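Just dropping this structure here.
Labels run A, B and C following the written order; every chain starts at residue 1.
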Amino acid sequence: MTSRAERIDRLAELVAARREDGAGRGVWREAFTRMRRDPMAITGAAVVGVFLLVAVLGELIAPYSPTAQTWGTEVFPNRNVFVGPRAENWLGLDNLGRDQFSRMVIGARQTLLVGVVAAGLGFTAGALLGGVSGAAHTLGGRAGRRIDTVLMRLTDMMLALPTLLLAVSIAALLGQGLTTVMIAVGAAQIPIFARLLRGAMIAQGGRDYVLAARALGARRRRIALAHILPNSMGPVLVQLTLSLATAIIDAAALSYLGLGNPDPSVPEWGTMLADAQRFLGGAPQLAVFPALAIIVTALGFTLMGEAMRESLDPRLRK
Amino acid sequence: MTRSPLLDVDELSVAFTRRRRRDVQAVDRISFSLDEGRITGLVGESGCGKSVTSLALMGLLPARGVRVGGTARFRLGGGGEADLLALPPARMRDLRGSEIAMVFQDPLSSLNPVVPIGRQVAEVLTRHRGVKGAAARDQAAELLDRVGIPDPGRRLREYPHELSGGMRQRALIAMAVACRPRLLIADEPTTALDVTIQAQILELLSGLVAEEGTALLMITHDLGVVAGLCDEINVLYSGRTVEGAERHELFAAPTHPYTAGLLGSIPRLDAPRDEPLTPVRGTVDDAIAWDDGCAFAPRCDRFADDCLGGPPPMRERGAGHRFRCLHPTEPAPGEESEGR
Amino acid sequence: MLRFITRRVLTAVPTLFGLSVLLFFWVRLLPGGPEYALLPEDASAEQRAALRRTMGLDDPILEQYGRFVLQLLQGDMGTSLQTGRPVLTEFLIKFPATAELAAMAMLFAVAIGIPLGYLAARRRGGPLDALAVGGSLLGICTPVFFLAFVLKLVFAEQLGLFPSAFRQSPGLDATRITGFFVVDGIATREWDAAADALMHLVLPGLALSSIPLAVIVRMTRASVIEVLGEDYVRTAEAKGLHRGTIRTRHVLRNAMLPVVTAIGLLSGSLLAGAVLTESVFAFGGIGEFIYAATQTRDYPVLLGFILIIATVYVLINLLVDISYSLLDPRVRVS
């Protein structure tokens, strides 16, 4: 007869074998493990990875200068003479006889810059607005609700101005240029971030653990910063990833409207696409390559954002 | 002459298949039968497979990722017999709501929030009885009245969120009994309700069963609920029946340590005041696979070496009293009590 | 119910008032006033100053705002500096084109998006679902103006299936009543005119619908998946109801609630997206006019148009909220 201790050990083993999934891991860590198995997330991350690599390495990859009109004598846009892809120039020449491939590679950096700065701007300003609003609503009592109402009316107003019109008027105020595009696109994103963070914070503010912290006499600033805020960041970070995609697309639209970068020496995908519309009949490749680049990059960020959203959303977990 | 039971469930199994992982055996070869005018209880803690059993009988389990085994022979109203587990979906759809109906646990989430109560009651009549328009509305009002909802004419136009919890459960019951089903399944019908309302709902159910001669399958985790209600009780643990008997037999001689434990954890007015309640220790998660031995072993005080030698067989003890234990708390006939 | 509507209308008022203040000061901040846009480049500084004076641009800014609000309340939004016509008149002339275009785009988005989203949810994980999800992601990530160009190039210029520009064929003799060409054609029974206007709407409508379509597909899909898991759908199944009844009364009625809200919010992006689509198809709506106004610093037009668009947007969402409260009885009580 085995001893009681041995029997209990055997039982514990069998119980553990039946409980396959360990519980109690952090939300983010669990989300990350889930994302590593998700083909959507992997594809998105791969695309974004290649894009980042090209943007950083830039000159090391580009075979020629993006601005030198080396083959200027071979291209005559007004006579509809263009040079398509060939061994020397993988993606052909642009309308001024510059190497299209080199321009695409160097252009990645500017595009990334526009996306990151614009989305970062929208995120920072929006999160500030939404964070103050959410904290005031949940913890500020009557006065706090009033602050929240005023701030939310403000975001309502921004939301009522169609994104592109807001961007157009900002661009009209600041003049043409890359900075303008970044500020305009970023400003248009502010209300989304503000609403998301506020909503998430108010939802968290009603949770039991916040009530418990308040009952224990924790200071309001600490509750807001240590409890509510970190638990509310999920949807906002998802939106940040998605915003990188929107920013790149919106920037291209502003370039198309003639509000983008006027400096031809710094190639940028949006501007390249906008410029190429004029030659769509004779040289569609000039528009198709930057358009594909924009679409694929935006898809990469969107896929990552969506995968992140799904892995964080308990309702969508199987 | 013995007539076959209304519903004869034989070795019902339900497994959920998972990608790249082991299947989950939610229900493992359980058998029981139901008869007209009788109330049968299916008792166990959450996760024991009782709700899955009811969904399997209703044909409401998802089509993908589920494997169902065994038979459930149901005597049809127009004569003849059908295996509920093997009927084509369209035939099953005809039976649901007319011959077999179900009352769910959470009355608020079980009612469509954007459709008036009356319409939700009437649509069953329209579907199975072909009653439409004003006639359907009148019958729906009658039904609401029958389940004890006051002012049914006004309630018909109200939405679920405008009703109290007890009223909602009454409305759900009205929908279930609308077509006078011969089999009614109630899955924890009182769990989401206040204690005072619970008794009223149980009374309503047992009254309806007595009047109509319906067979009622009562699914609950609460032995207190079945004590006053059920004619026969089956106790489930980790997907298998561990004990089954007539109510009086079961309460008089609980034989499986799990049943005994459940009974020991109910406060009783007739017990001596200084007698402590004895809860079953641990949780349902502290179970082992039946193939390794008795799933209840980790929580059992009577646990011995032979409990880990595969699943204990079902044994008989008197008329219709079945139990699945090698070291029962009550002696089986012809055995000495172990008397620990 | 009436209280709900009144309260909802009242919350829209401060938003609109705030917008008028915001926009007014915003527009005055724009550099290079109309004196640069209107006068020739070689005009003298005195000439420019005189123009500013006569236009009242040198008065204290609060006085200018007061004047603006007073005029606004009388329905007077000033005069376009580009054309010399009243802003409101300009808007009424241009608006039908954009409204028709936006309506067409929304029609495409709803008529394709909701059934597709529903089917994708029902066949979750299948090939149709993958197509719907992938297609909608692609739709969101494609710049609208590029899509417009591609559609125009392929279907208008290469295949010649649809006209490539304008709202109606130039040579067509059509009666104008409302300015909505399709409506006019139907009202006057000039069927060829209506059909012609409709053909002109197809390509720009498709281009403009790409984003709303993608959003509606995704929202419908997500919403239907959520509703399919609800207890009341299981109750409906337990009642043995027909699939069709369950689909319309129990699944779609609940699943459409968030989609209705999304449609209201999307109307704003439609008006903005029209700026891009209209310029590709030379459609002559408000989008094109606003763009021209930013180039010429046409303050009154810029201010007036954006204000009207914002008002339209707020009103659309007001209507959406009210219709939502009709669809969802739970909202009415609060």
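Just so we're on the same page, a residue touches a chain if its C-beta (ideal position, glycine included) is under 8 Å from a C-beta of that chain, and two chains touch if they have at least 3 such contacts.
No experiment lies behind these values; they were computed from the predicted model shown.
Q: Which one chain sits nearest the middle, judging by mean Cα positions?
A: A
Q: Decide which interface, B-C or A-B, involves more C-beta pairs in contact, and give its chain pair.
A: B-C
Q: Using mean C-alpha positions as chain centres, tell me how far chain A is from chain C in Å, no decimals.
A: 25
Q: Counting in whole Å, what is the centre-to-centre distance of chain A and chain B, each centre being its mean C-alpha position?
A: 51
Q: If you average the Cα atoms of chain B and of chain C to get two centres, how far apart are those centres in Å?
A: Each chain's C-alpha centroid was found; their separation is 55 Å.
Q: List, in ascending order, every residue of chain C touching at least 2 other chains.
A: In chain C, no residue touches two or more other chains.
Q: Quick one: which bits of chain C touch chain A in the complex? Just the residue numbers, please.
A: Touch list, chain C to chain A: 14-15, 18-19, 22, 26-27, 29-31, 137-138, 140-146, 149, 153, 157, 226, 268-269, 271-273, 275-276, 279, 290-291, 294, 297, 302, 306, 309-310, 313-314.
Q: How about chain A: which of its residues touch chain C in the complex?
A: 153-154, 156-157, 159-165, 168-169, 171-173, 175, 245, 249, 252-253, 256-257, 273, 277, 280-281, 284, 287, 291, 294-295, 298-299, 302-303, 306, 315
Q: What residues of chain B sit close enough to touch chain C in their complex?
A: Against chain C, chain B makes touches at 58, 60, 93-98, 101-102, 104, 106, 109-115, 123-124, 127-128, 159, 161-162, 172, 175-176.
Q: Provide the residue numbers of chain B that touch chain A in the complex, in ascending order.
A: Touch residues, chain B against chain A: 21-22, 285-289, 292-293, 297-298, 303, 305, 308.
Q: Contact residues on chain A for chain B in the complex?
A: 1-2, 7, 10-12, 14-15, 17-20
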